[in-house]
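Common to both upcoming complexes is chain A, partnered first by chain B, then by chain C.
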Partner chain A sequence: MAHLKLTLLIITLQLLSVTALATEQDLVVVVNINNPTSQMTKSQVIDLFMGRYIAFPNGEKATPIDLIDNNHIKRFFYQNLVGMSLARVNAYWSRVKFTGRVKPSVKVPSEAGLIQHIQSSPLSIGYMERKHLTKQLKIVYALNE
Partner chain B sequence: MNKSGLLIRLAVVMIFSSLAVGFISSQLFYRFTYLNEVDNSKKQIAELYKTVSATASIAAYLLDRELANEVVEGLATNGVVHGALIQFDKEVVSTKLTNKDSIIQFNLHSPFEKGRIVGHLSMVPDLVQIEIKAKKIGRDNAKALFAQAVAATLIAIIIVYLLITQPMIYISKSLHKIKPGTSKRLIIPDFHQHSELGGLVHDINHLLSNTQQQLAAEQELRDELKLLEKRFRMIFESSQSPIILMEPRGSILIYNHAFTHLLEKINLDIKKNFGALLSELFIEHESLVQNVRVAFANNEISTGEYQLISSSKDRPMWVQVVINSIVSEDMKEYYQLTLHDISKRKKELEKLNIRANYDQMTQLLNRHSGEKKIEKLIYNKQAFVVILMDLNGFKEINDTYGHDSGDEILINIAGILKNSVRHDDFSCRWGGDEFVIILTNVDKEAIRTIVKKILLKIQKPYYLSIHQQEVSVGASIGAALHPKDNLDMLGLVQMADKAMYHTKQSKVLGNNLDITFADEVHD
Partner chain C sequence: MKIFILIWLILAPLVNAQPKNLHLSGFGSLGVISSDSKTYGYRPDLDQSDGSFNNTPYYASSSILGLQLDYALPANTDLVFQSVYHNQNTLSLDSTTRLAFVRFTANPEWSFRLGRTAVDLFLLTEYRDVGFGYTWAHTPSEVYGLMPYRYLDGVDITHSAHISHLSLRSKLFVGTTTTELASYVGRESVKLEDVAGLSFSLETFQWSLQYRYTSSRIASTSPSTEALVSGIEGLAASVPGFETIWPNSNDTVDRLRLKGQAADYTSLGGRYNWQSWSALAEVSRISTASNFNTVTTGYTSLIFHGQKYSLYGIYAATHTHLFDVASLGVDVATLATIPGGTELYAGVGANLNFYTTNQSTWSLGLRWNLSPKIALKCQWDQTRIKEQGGVLWLNKDFTNQPKETVNTLFTNVGFIF
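Moving on, here comes the complex of A and B:
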């Protein structure tokens, strides 16, 4: 019963985010324009950001770039990608880190810094608002499609 | 205690049945508990899965062997789980697993995508532990049941002893002391006035009363029978006539004193069997058997007179034999023989017969019976000769010495005739000094020889002792042959008479013929 309630709550929250936030937050996952990867599935994106794989589908080592906490874009990104609040995402990481096998992603303080990082590193991957897209970047996954 | 007594039987049955029930129930409990525990362990394992699924999912998701190992090891420490296994992306992390048959498998989902299966968590329930537990519960239950059964048996034995066995022993002992036919009765045991035992005692008493009545009635009947039997015995035993009951084959079943007495008279000892119908005792037993057969065939009682075998010839014994066939209720046939001694009557009859047929003085057949015998020979178409003899000189002796002397002469001549003829032939006094001799199957030659012999004896001088005087007589003889001379008696006698006259004449004429045959006489 508790499980069902939780599921319903999550679904409601997701619906709310889609309807309320989608218009102002149109997020995309981007890589360097020179990165051979052109398209990724949601699972591939999750696997990279949640530490399952540390490589692109073609096998090249990937460096996920994340924003620091208290960023509404970051909150929106995780909420939409894995359906979790940042607190829960952090809880996950703290648990995973304890085993010492996975290293969390590189953290930058702002969206601008993140764009800068990806434009200079062809094996980086990160998320940003579509409206801030540059010519050095390439969309591999769009959150709201 | 009685080996097959109720108590022992009850105890044996109850102990065996409680053992059986204990055994079966312990098996059932074991089985039931085992299944229940297996079910329980499955539930517990499901709970365990819920508890560890988050961590296990992460481990599978991150392909983290160490984390997976941690989860698996943690699970294995739980008493319910024998071993655990996590499997993801071609990798397997597990504890030692021996029994993979009862493995329970759960899916591990990605922590971020609910529908995505990233691996499996499998657990094996600790069946050995469950089995031990189930066995222990089953055993405990069996022990409890056995203890209960023993207690129940003891209680039942005590109750049965007090309520049934003891009163029954009492009843049985009392019953042993009671003799049927007496007025003694059983006493109903305490507290059993309305129980089945009480009913039983009541019924037994009823039966005893009935028996007493019946025995008394039977005794009365027996007494009556005894009296009746005594009277019958009196009739039977005091009967002057022998009475015998025998089987058709001759086995004597019962006989009275008169029969033994009769046997004594004919010098025989009593024995079991004198042949069928006592035939050994009778001279003409064949005719007895024949007569009885005819009588029985006509559904009649056989009656006849038969002479008994006897050692003394001059005292013949005759009995009238009455034989009755009796068929008993069980369809067996018996013969009842009653013998009446008729010897005396027979003797008198014999005497009468002799008086009627014989000449008193000479003891030869008289004329009447002689004629009858001749008639019989003619009837039988036998060849014979009638020899008529007339004494010469008898009248003179009679006149001179008196009738007594004449009679003496006649008796002497009768004796000569008796001794001169064969057994089958006979002679008779025809009247006065006339005699007739009948010889069968003889020719003239033989007749002449016999006649000559007779004449020689007759002509021999006879000594009259009273008168101390010798006298002699002669005889004239004529004969007629049957069937050659004549066919009827009167004719034969007349012809013989004529021939005799011819002989007499010859003596006067000096020819002195011994005998003249009828065919030698010519008118």
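Moving on, here comes the complex of A and C:
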């Protein structure tokens, strides 16, 4: 009986983790609904969030909004986008930032803060779970498509 | 160590309570180095006058703390200030300031910076002190040990362009820089003027190819070299027929004198990322017309990245042609009859070969990411130093540089905040 309970517990935990993974992987990159950008390529999103070329495809300067490190959405976003752990992403950013090449990105503690920021700024861009999309936001790139 | 803790206690609360247009951040590392030679003491570069000898743990040159303020101004302008504490010989605002510039970003393609920026001579020169930023426990001494320069006071212009998925980044910079060179006989300041350079990179997120060229002119005099020059000129004025004993002594004087000599730096390097693997390589060259002989250096490294750790190996080498003192054509036997002549000749020989570095290093190491912002790194180096090739190391008697194999162990914790 004890063995059966343990097996059920493991299966339940695994199902929960799979569900959580599926949800977290359904991430989208969004901009303000008034931003003229309608679509971006993976390469353009990488350039923008890795500080390589911080502009929209039409040449307009962009403001990337990032989450703070202990947010699990951030971990999944970078793992899926560039295939790197947060430690490697931070190492990359420390090379860019502490040489004075690029301004540090704006960091917010939660998805709610990120949504609020992008809704109030037409040139901001950020990433979030698709399920939290609002009418003031527009998807320009989906990670799982 | 106390100053690190004190600064951290003062600044930690500020990091989380910043105004919207002000960003405070920082980096640092705490580490220990142990090297097993009694003759050669390990030091990261030539501005350090302390090193690790005979397995004695050495902390100072492996520990560093940097603080950076980014302040956004209206009209696409921002200010950046970075201060670094790193075992400086003299603590002053000038010696601790690494970045202090105003930047105007005209558009995503063009930006201009005026003030103190990081010197951009080789592939990793700009961030060599940001240990968290690279996988290794230290940058290869063969390439970066001869380069104590950290900043450039001047201006730069950067152009970024995108062609399909390729990024092209070009930078032009001009300015001046100063550093110190240290040895057991003392410390000397070296100033470079008329520094003008080009940095060019072509990259995707998977690979990068970078080229740099910088020309400069040495603007300072070296007291130790001037003493030798005075010695030769004194003998030329007082000893009849000195030109037969030391032919073309004026040429020797010109060769010795640093001031006004050109110094050029060239680097070609790149990186390739493939799944969990990264490969890096760089070849560089320092050439001058003076007693800094032409130095050719390079390294290659292979890194495996796990989720929490990285394993790596590095091979680095440096080569310099020794100056043949006999080619001066000095009549050594006759010179020895003049008081001080033998010592002067030995001093000139040592001076003209002071910057000859001939060695190679195999390294193995591990980086363990304890958190997204903290990494523990351990690295073992085995360095084969050729005779008269150990200028990168501290040596209590620089006229005696024997061939030796030296093992050095590095352990440090790098962090950002």
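Methods note: the second predicted complex is superposed on the first by the 122 of 145 C-alpha atoms of A that agree within 3 Å, B and C clash if a C-alpha of one lies under 4 Å from a C-alpha of the other, contacts with A are read in each partner's own complex, and residues count from 1 in each chain.
Here is the rule we go by: a residue touches a chain if its C-beta (ideal position, glycine included) is under 8 Å from a C-beta of that chain, and two chains touch if they have at least 3 such contacts.
Predicted model only: the values in this text are computed from it and were never measured.
Superposition of the two structures on chain A shows chain C clashing with chain B. Applying the stated contact rule after C-alpha superposition, one finds that A:90 touches chain C and leaves chain B untouched.
Residue contacts after overlaying the shared chain place A:50 against chain B and chain C alike.
The wider contact with chain A, measured as residues touched, comes from C rather than the other of chain B and chain C. Of the two partner chains placed by superposition, only chain C is touched by A:69; chain B is not.
Look at A:59: by the touch rule set out above, it reaches chain C but stays clear of chain B. Chain B is struck by only one stretch of chain C after the chain A overlay, and of the options 278-286, 332-340, 350-358 or 386-394 that stretch is 278-286.
The interface of chain A with chain B overlaps its interface with chain C at residues 43, 46, 50, 52, 82-84, 92, 95, 99, 101. On chain C, the positions that touch chain A within their shared complex are 23, 25, 27, 66, 68, 70, 72, 76, 78, 80, 82, 99, 101, 103, 105, 107-108, 113, 117-118, 126-127, 130, 132-135, 160, 162, 165, 167, 204-205, 275, 305, 307-308, 369, 371-373, 375, 416. The part of chain A that touches chain B in the complex is made up of residues 42-43, 46, 50-52, 81-84, 92, 95-96, 99, 101-102.
On the side of chain B, the complex with chain A involves touching residues 55, 58, 61-64, 66-67, 110-113, 116.
Chain A contributes residues 41, 43, 46-47, 50, 52-55, 59, 61, 69, 82-92, 94-95, 97-101, 103-104 to its touches with chain C in the complex.
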